[in-house]
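Heads up, the next two complexes both have chain A, just with different partners, chain B and then chain C.
== the complex of A and B ==
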């Protein structure tokens, strides 16, 4: 008779706290919650704009509240973290060959940063004008 | 052994390292329990050699898999301080004087002590049709071999280095949470064949890739590629397959089969 009795270990809810690599991954993925909140605030602003000047100015002054400023700084930090970690992973999803040699990962990452910088400057110019 | 080497070993023989093994004996234990051992420390001793020392000198009932001792057979995978490693490729000097805890590979059922049940992993490797499916079956041997340029080989060579050790499945929380996920090694092997210029089986394999349990269960944790002892980079293979799967979907929208 077989004495086999394979033991299955449970995966606890805190699995991502036991290894720094998993924790960083969860922060990267968790950033989506903060970015969603940020987008909702922004969408709310567009909605207020449709209600007229007074409503939009009320929304603008609400953004100047210290809580709002701290929240936006936090979201900026988290979004930057997401951007940096995501760019560093980019070479894995790119399959480019030049003259039969795979493209250097560093070039792909650099390309992302250059695009990011150009788009950011472009957006800033559009907003400032 | 030369006298010089013997002297060198004598000099360090007093040093002791503590090894804790998660034991599980199915015929008598309800659940696994840790058991500590103290063994003489040598800086050139691998975890696998430490286990062999324990089995030879301290407790012959400790079970673990091993074969080649040189990171090619893929048998001795285990968790070293909760990180998936090959026992033959991890060395005591990287842990000494701290205690080393050993446990069977995570995300697999424990058969006994450090031995896991790998049936699900093997089943997944078989499922992805891991063989070249030529365009036409009837090519006669006299017509010669299927030839390939170095550039064509470069496209899949990295993904063909897998030794089926299972470390990537241990490192994958998505596989841990949902065992129906095809998983890193099997998808890397799938990419290896789909990217081979001699193969014409992509359409068949894309059915596996496109499933929810195919590439889309992967959330790009990326730890599989970190723990891989052969530099296969399954995370990259899966992301590239996601690109292929998306293309497949878009083409399918305009040109249904």
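== the complex of A and C ==
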């Protein structure tokens, strides 16, 4: 055993509440909890689907409960926040060079938003076919 | 004289490969999917259909069961339901560190990724069952 006793600065668990930048970081990380719950709702839907028509329809009508509507509204807002943060980081991940020159980050972000809009409209059309 | 064999000194150092790239890859793929598709998925399944803005016939049992019973439909459903979990549980695992929960980091990792794995297997099994029915 080492006899060394390194100094560890004390860190309270509310460190992320004292600075808006850190708060936004934790909201982004916290979005995971809501998206996890949403995925579990969908997984449950697949389970009900496998059980037959009656079970699946019960799952569908449970989604009409006011609590479910409010929850999904919240998930939608928080998922959009995830989308915004993800896209704003995109230039760091993509880092494209065209003819030796780095592509402007704004173009990469704009490309993501355009793709997002097309994908969203495409999905809405596909579901209504 | 005691001559040490030189081969010992030149022995290659053994590197332990990290499992991080695998999970980080799933995290990235899940994050991409969540960014592009989760908002519209929530909008459709959680709001537009329950509120009757889109007719519920578009997500009826027959339609969805038929889709889930095709191999490509099953693959799409598996990815849409399970992949975001590999993203979110990775973030939850790292947030536990951010919140100063130091105890049992390796168990935290097993539980987080294990949860994503368990739900993935659950959905995969159900889809396989519908596919082979």
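The rule we apply is simple: the second predicted complex is superposed on the first by the 121 of 129 C-alpha atoms of A that agree within 3 Å, B and C clash if a C-alpha of one lies under 4 Å from a C-alpha of the other, contacts with A are read in each partner's own complex, and residues count from 1 in each chain.
Here is the rule we go by: a contact is a pair of C-beta atoms (placed from the backbone, for glycine too) under 8 Å apart; a residue touches a chain by one contact, two chains touch by 3 or more.
The structure displayed is predicted, hence computed values, not measured ones.
S.K.: Which partner does A:23 reach: the first (chain B), the second (chain C), both, or neither?
M.R.: A:23 contacts neither chain B nor chain C.
S.K.: On the superposed three-chain arrangement, identify whether chain B or chain C touches more chain A residues.
M.R.: In the superposed model, C touches more residues of chain A.
S.K.: After lining up the shared chain so the two structures overlap, which partner does A:82 touch, if you call chain B first and chain C second: first, second, both or neither?
M.R.: The answer is second: A:82 touches chain C but not chain B.
S.K.: Considering only the touch criterion stated at the top, classify A:57 as touching first (chain B), second (chain C), both, or neither.
M.R.: The answer is second: A:57 touches chain C but not chain B.
S.K.: Of the partners chain B and chain C, which touch A:123 in the superposed model: first, second, both, neither?
M.R.: second
S.K.: Under the stated touch criterion, which partner chain does A:102 make contact with: chain B (first), chain C (second), both, or neither?
M.R.: First partner only.
S.K.: Which residues would you name on chain A as touching chain B in one complex and chain C in the other?
M.R.: 11, 16, 29
S.K.: Chain A touches which residues of chain B in the complex?
M.R.: Listed in rising order, the residues are 24, 26-27, 31-32, 82-83, 106-107, 109-111, 117, 150-151, 154-155, 173, 176-177, 219-223, 225-226, 233, 235-236, 239-240, 242-243.
S.K.: How about chain A: which of its residues touch chain B in the complex?
M.R.: 3-9, 11, 15-16, 18-19, 21-22, 25, 29, 89, 91-93, 95, 97, 100-102
S.K.: Can you check the complex and tell me which residues of chain A touch chain C?
M.R.: 11, 13, 16, 26, 29-30, 32-33, 35-36, 38-43, 45-47, 49-50, 52-53, 56-57, 60, 63-64, 68-69, 71-73, 75-76, 79-80, 82-83, 86-87, 112, 115-116, 119-120, 123-124, 127-128
S.K.: Tell me, which parts of chain C touch chain A in their complex?
M.R.: 31-32, 34-47, 49-51, 54, 56, 58-59, 61-62, 64-65, 68, 77, 80-82, 84-85, 87-89, 91-92, 94-95, 98-100, 119, 122-123, 126-127, 129-130
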